[in-house]
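One chain, chain A, appears in both complexes that follow, with chain B as partner in the first and chain C in the second.
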Partner chain A sequence: MVSIRRWATPWLFLAPALLVTALIVLLPVANALWLSLHDVVLFRPKVRPFIGLANYVRALGDPVFWESLRHSIVWVVAAVSLQFAVGFAGALLLNRTFAWRGIARALIVVPWALPSVIIGLIWTWMLDFNLGVLNVLGVRLGLLSASVPWLAQLDTAMAGVILAIVWQGFPFFAITLLAGLQAIPDEHYEAAEIDGAGMVQQFWHITVPGLAEVIVTSLLLRMIWVANSLDLILVMTGGGPGTATQTLPLHAFLTAWSGGNYGQGSALAVILTLVLLGIVGIMLWRRRET
Partner chain B sequence: MRQRKGRLRLFVGTEIPVAVMVAFALLPWLWMMLSSIRPERELTTSPILLMPQTLTLVHHITLLSRTSFGQSLLDSLIVATGAVSLGLALAVPAAYAFSRFRFRFRNYLRAQFLVINMFPVVMLILPLFILMRQYGLLDTYFALIIGHGTFTLPFSIWLLTSYFEGIPQELDQAAMIDGATRMQALIRVVLPLAIPGVVAVGIYMFIASWNEYLFALMLAGREVRTVTVALQLFIGENQIQWGLLMAGGTLVSLPATFLFLFAQKRLVGGLTGGAVKG
Partner chain C sequence: MKRRTLIAGAAALGATPLAAPRAQKPVTIRWWYHFDDPKATPDELVATFEKANPGIKIQAENIPWGGGGDYDTRLYTSLIAGNGPDTGMVKFNNLARLMEMEALSPLDKWIDGWAAKSDISADMWRLHAAPDGKRYYMPLQYVVLYLYVRLDLLQKAGVKPPTNFEDFLTAAKATTGGEQWGFGMRGGSGGHDSWMPFVFGTGARPVKGGFVSPQALAQNRYFIDLYRTHKVCPPSAPTDGFLQIVNNLKASRTAMAVHHITTANDMNAAFGDSITAIPVPRGPGNNGFATFGDGSNAVFSASKNQEAAWRWVSWLSEAPNNVLYNKAAGQMTVTTSGAANWTLHPRRFVEATTQSLAIANVLPSVPAAADFTRTAWPQNTQKALLGQIGPDEMMQNFEKLFFG
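Right, the complex of A and B next:
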């Protein structure tokens, strides 16, 4: 009796969270898998025949899928590496001692607390062809010869949405890497200095190895997040002009939603998940190897 | 002389670059707020003037008196408060279990909670939509509360577990020797000591719900319309009402930003703790 109670207590405490998670996450995941194997379209809800992998075959045969995948790769690589670069620079700066460091550290995080929808609005407003402040400044400073319709042009729209997500995400890296920097003992730098190591050598031999763990983890978390995110693009361009900013999650969303094709949309979402799981799996596996 | 040189180096090498970075972080946000208090004619003159000629609250007043944005603010508040209540009710006992008991699958489960974040929202949203439509739950507070309350769970449980681990187990045991049950030990002894952490996690849940867009768009949007969805209404086919949009953006972003600045230290500590530990 006592032993059953001992055994059951932790599970009783966990039960509500597990139950709701199963209901809101696991059940839909199973459901999405089911949908992806059936022909389910909005205008014919009663007839849902099993069609095996036909949704997957059709998705992979569609050139729009490959285009979206390409856009996703550009989106993730550019967004994450720029966020990382700006955030790392920020972390190194904020790790130095100066009078208003606390305030700077607090303020730098503001973009991160804003809703994606508002971030999308802010940057759409600033990049506007007629009224955008960035166009005004660019022309006035001589960087642009004329106003540019950033989000309405095929070759600049992606750059516009990437700029917005870099702004949203760089604080995450600044703050996580700063915490990592502060965990590196000062003695290491002092010892290096005595041995005659310069700033650059100290950076490569102490800072980077000391941060390695944090860098890998934060890159991984951020990559998953950026790869899955679609609200910012949805608000700013809706995937357009044409399909110029359509990434994989957005392609899945639009196929299901505007296209009314639930089966195919789910298949695309499952493919996205598998791609991500694959990449994360390879990264974790290689990390264990080294 | 040497001191002055050091001061100059600090100024040029550190303070100016930091100022540039802070400006990059804040100026777009400030530009939105400034745009929200400029009259319509200044917002429609191209090229836009950098310095406002006159300031006005006309957009804010129109937004709150002539549109349903006030109701949307209320809807967002209800949903976010509900999500915090539900989220804490689920996360506190779960985190307590992780911090106090050693049981089979414990580490496995803790990791699984983080894996959940890997599933793309786009994969969950469609089945949830179909499911909720079946049970007539679409466009209700309940739909959004349960959605928002759940997707913040992994990080919340992670954070709370580390707070609870900082509170000595002996306190629970002393309470239980005095006749308290486990639940009473949690509520009367551990929770009061963990209040700062619980408040920080609550604020995180609130902001996450307040800022959320896709669930709010897909699972509701007509009867229950949160602010992030409501803002989109000012974007028309041919015309964008920038004044109203900027005013709405200002009103929505202020509470979230202040709450975040208030809870920042604890949240960031917990977050980076999680990231550093892997």
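Right, the complex of A and C next:
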């Protein structure tokens, strides 16, 4: 009796949280899986036949899927690595003592706190060919010979949306890494200095190992968020010009929301989830190995 | 006996007209609408209607538009969930989908007995007929796309407002130079409306085989060449949307653009008589295609109060009410009598609109129409403008999308 109670008590405490998780996470996931195996078209509500893996086969046979996957890889790798680099530099700077540091630490959060739609609109107009401030400044400073339609060209559109998400996301790294930096004891640096270690050596042998856990966790989180995000691209380019900035989640969204094909859209979403799970699994396995 | 007599007497008294009237619970009609201007409201219309129809309450629900996609998807899902409105604003591009859902109630019997039917033109009724010959949509507002022309810029370049495609190209070339372009092409979202007059302007029609007909293919090459070969459009044209084409025209960066009467007051305020509107260019033999921008009401088949819903939507389409409605919507009244005394826009823009009605046309009513306007058109057109696919391949993709 005692052993049953001992076994049941933690489950009873966990039950409310498990129930909420099941309702808001597991149930939609199960529903998405069910939809992906059926021919579900929004405007044909009376006919929803089971079609097995046909949605997956059609998705994988569509050149737009592979193009979107390629764009997703470029989008995630470029956005996360640049956010990390800028955020790390920001964290190192904010960790030093200087006048108005408190204000600088507060202001750096602003891009992170703004809604994606607002950021998308801000950058769309900043990059605008006709009225954009970046074009005006570029031309007046002699950096550009003429205005550039950044978001209307195949070779610059992706860079434009990546620039916007780097601006939005670097504060996350800056704040997270700053917290990690403050947890590294000053004694380590003092001891290294006494032993004759320079700035670069201190950085590689104290700062980076001291931040390793924070770096891995923040990279993992940000990678998942960026891979899933579509709002910024939707607002700035809608995936265009053509499909030059269309990533996998945007492809799934347009298929389901605009095309009304929820079965196909769900299959694309499930594929994206599996790809992300695979990458996260490999990262965690590698981390455990090292 | 006495008791039976008392009951019978009470029943008889209750049935007499002299008995105190029992308050009837008014029928509530849920109406979904959207206005471009967020400050506009139908409150005044609702109050006037309810005063004239004490048995009907109107619950007007403002639904986010989101380029049409948000509104449509909300409408579909609410109808499927059994929580849809009794009536609501609808567009032609979702007619086929709503028909497939069996969500629409035919309005023919009501329209045929409606006293104000003749105040809506035959062209308007023609455009509002469904593919099965029935009428599910009640005309409410409309625009017809026309060509804005900066008369001062054209005069300076020594050219006249174009009426055909050859003159259009001449005028566009003549007004292009430096930071100014002859034509503000809309390659971004919603641009299909201003593309159709070019592609179907010489006789081709958006019917089976029409997208790949020789006329349509030739005209589409002409359209793409405006950007790629002749360079008479701003370099940002592939992704330019409504704001860009309007702002460019207002900033004198472009000399011509295709839009409709909702921007007429803005243009008039900016340039006065230096800007005008004319019907879109036509091909030889006076063929032409002016895109009809529709706005209608539908009564949904799941409504338990279809008769009351019809009274509301038909009331909205009667001349004085429709004029008042379009004052808020910023579009044109569908009534002939209302248009004759129209004062909400300068006359020349109204005339360009009404003159274009005879050649007004719409996309085919097939389920793919909604996907075409939101996704397929911008993607394929942008690819063609940027040289990723050829203009003929673009048209083949559209033909396949619409007709398989």
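Going forward, the second predicted complex is superposed on the first by the 269 of 290 C-alpha atoms of A that agree within 3 Å, B and C clash if a C-alpha of one lies under 4 Å from a C-alpha of the other, contacts with A are read in each partner's own complex, and residues count from 1 in each chain.
By definition in this document, contacts are C-beta pairs under 8 Å (C-beta built on N, C-alpha and C of every residue); 3 or more make two chains touch, one makes a residue touch a chain.
Model, not experiment: these values are computed from the prediction.
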Simultaneous placement of chain C and chain B on chain A, clash or fit: clash
Partner chain(s) touched by A:Q202 [first = chain B, second = chain C, both, neither]: neither
Touching partner for A:N135 - first (chain B), second (chain C), both, neither: first
Touched partner set for A:P149, first chain B, second chain C, both or neither: second
Contacts of A:W123 with chain B and chain C, given as first, second, both or neither: first
First (chain B), second (chain C), both or neither touched by A:A17: first
Which superposed partner A:L276 touches (first chain B, second chain C, both, neither): first
Touch count on chain A, higher of chain B and chain C: B
Chain B versus chain C as contact partner of A:L42, first or second or both or neither: second
Contacts of A:T237 with chain B and chain C, given as first, second, both or neither: second
Set intersection of chain A contacts, chain C complex versus chain B complex: 130-131, 147, 257
Residue ranges of chain C in contact with chain A within the complex: 69, 73, 76-77, 80, 97-98, 100-101, 187-189, 234-240, 244, 247-248, 251, 253, 367, 370-371, 374-375, 378-380, 382-383, 385-386, 388
Interfacial residue positions of chain A with respect to chain C in the complex: 42-45, 128-131, 147, 149, 151-154, 237-243, 254, 257-260
Chain B partner contacts - residues on chain A that touch it in the complex: 7, 9-11, 13-14, 16-18, 20-21, 24-25, 27-29, 31-32, 35, 86, 89-90, 93-94, 96, 98, 104, 106-118, 121-123, 125-126, 130-133, 135-137, 139, 147, 167, 170-171, 175-176, 179-180, 183, 213-214, 217-218, 221, 224, 227-228, 230-231, 234-235, 249, 252-253, 256-257, 262, 265-266, 269-270, 272-273, 276-277, 280
Chain A-touching residues of chain B, taken from the complex the two chains share: 10, 14-15, 17-18, 21-22, 24-26, 28-29, 31-32, 35, 43-44, 46-48, 50, 89-91, 93-94, 96-98, 100-101, 103, 106, 109, 113, 116-128, 130-131, 146-147, 149-151, 153, 157, 182, 207, 210-214, 218, 228, 231-232, 242, 245-246, 249, 252-253, 256-257, 259-261, 264, 268-269, 271-273, 275-276, 278
